[in-house]
């Protein structure tokens, strides 16, 4: 699978409440953008993350790293370019390049572990692993969302 | 101006981080949705709120009221149906009906006061008042946004 | 029961992340302060809210109203003066005066409804009602908290 | 200076709104705890971070890394054990061990760069560097806070 197939872009618009008194997006907000991007990444591969949760499959964040390159500001349109860098028996590592147009604002990764309802580690089921290695589907095959 | 002209719809998708341990959207989150809806309402009338801020015109929330009707959940698509209910010399009252499809989730209003950089009350300038009474423009005339 | 008995004071310190680009505490943050104050109010009457949740008793916010009087800023110490204004068969109304020293910053109330795990309305159990009408206990009788 | 002198402990109590639908503290919340801990760390060395901001000295987060070890839950008391690991000409690296009693919940660091009001890198002034290398003062010498 080439890089393009593994990548999806999630677009967000900076909310007023996401800024701080420095007038820029607060650094913790980027983790929320990354999380929304992961949900969207699955959605574009036909999967509602919620459906996994309902089957007792959770991808819990066990590590995160962010390097802030340039500030984002209120009302700007931001793209979270997201791909799966690596999967192991129990973990998946997502990588993010957060950009405003061509300007790189933040690079990040999150390492997620598959856990059950009991919060204990769990082998990633094959059907989950297949999704994590798959390409973005045509829009007609994206996961349905309540209210849409 | 009839109701339809004064109304705009802002669509959001519920983020994981916006839920709480009850499994539903936390009640404070709706104020963030309303705020984003106001920014979008102006945007669709050709105005970037940020441009007003840069001219020392702030619309500060002085009162808010929310009635929660039904819970929203992770990943759902929510519409914030927004209109201006009333303007006075120094205030504007926005009204919101937050819905998932036809289901009403929350009704709210926020009363905003026009203040200057010094946070003191300021008469709403005529050009601002005109925008607050205007209808949604065709998409080609919406305000530009950095990064889009 | 006189007013003093019904009142408890919850103290918070404004976090950097709770401010916005206007340099003041974001208006949605006050709902978080009120929520923390309710939890503390119960705590000072010997009750951990979590223990009610574990017994399927939730106090869900069904209505909130806030009037913002003066801005709060980063790092300030804020007191949330909280009392129960009214209880009915299924609801409890908390009232808040949020102050910095003698300066009133925000007045608010929240109306909460008793619901079960199914999110359906439920009569407030007598032992809950008794707590809601009770005075602050001496510190030695406050509810224990994990980690303290 | 030995480790004990460089270390301060900031105590927080988990708010309801800080949890998510997994019933645990959302992973982005730890960055807010770390930020509050940094402000408190300075406070206990006689410095209000806000006074630096007013002099055009900002410590902006340029990198953060968190390893989540065990979940925290609503209402728990959490200690953020904080020390300065390293300072360079323009950066300071804070290290955090976030604990509930003796249980390690999260290890983290944040790298902060000194920037001016123009957001450009700036040599850390000597008086700031001295504070960053100093021990916690007796309580009577902690920085004053508005409202306390």
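By written order: A, B, C and D. Residues from 1 in each chain.
Everything that follows uses one rule, which is that a residue touches a chain if its C-beta (ideal position, glycine included) is under 8 Å from a C-beta of that chain, and two chains touch if they have at least 3 such contacts.
Small disclaimer: the values here were computed from a predicted structure and weren't measured.
S.K.: Could you find the chain whose CA centre sits the greatest distance from that of subunit A?
M.R.: Result for the farthest chain: C.
S.K.: Per the centroid of Cα atoms for each chain, what is the distance between subunit A and subunit C, given in Å?
M.R.: Computed from C-alpha means, the inter-chain centre distance equals 34 Å.
S.K.: Could you put a whole-Å number on the gap between the CA centroids of subunit A and subunit B?
M.R.: 27
S.K.: Of all the residues in subunit D, which ones touch at least 2 other chains?
M.R.: 16-17, 21, 24, 28, 31-32, 35, 73-74
S.K.: Considering only which chains touch which, how would you classify the arrangement: line, ring, star, complete or other?
M.R.: complete
S.K.: Along subunit C, where are the residues that touch subunit B in the complex?
M.R.: Those residues of subunit C that touch subunit B are 21-22, 24, 27-29, 31-32, 35, 53, 58, 60-68, 71, 119.
S.K.: Mind pulling up the subunit C residues that touch subunit A in the complex?
M.R.: Per the stated touch rule, the residues are 16-17, 19-21, 23-24, 26, 28, 74.
S.K.: Contact residues on subunit A for subunit B in the complex?
M.R.: By the definition above, subunit A touches subunit B via 13, 15-17, 31-32, 35-36, 39, 48-50, 73-79, 100-101, 145-148.
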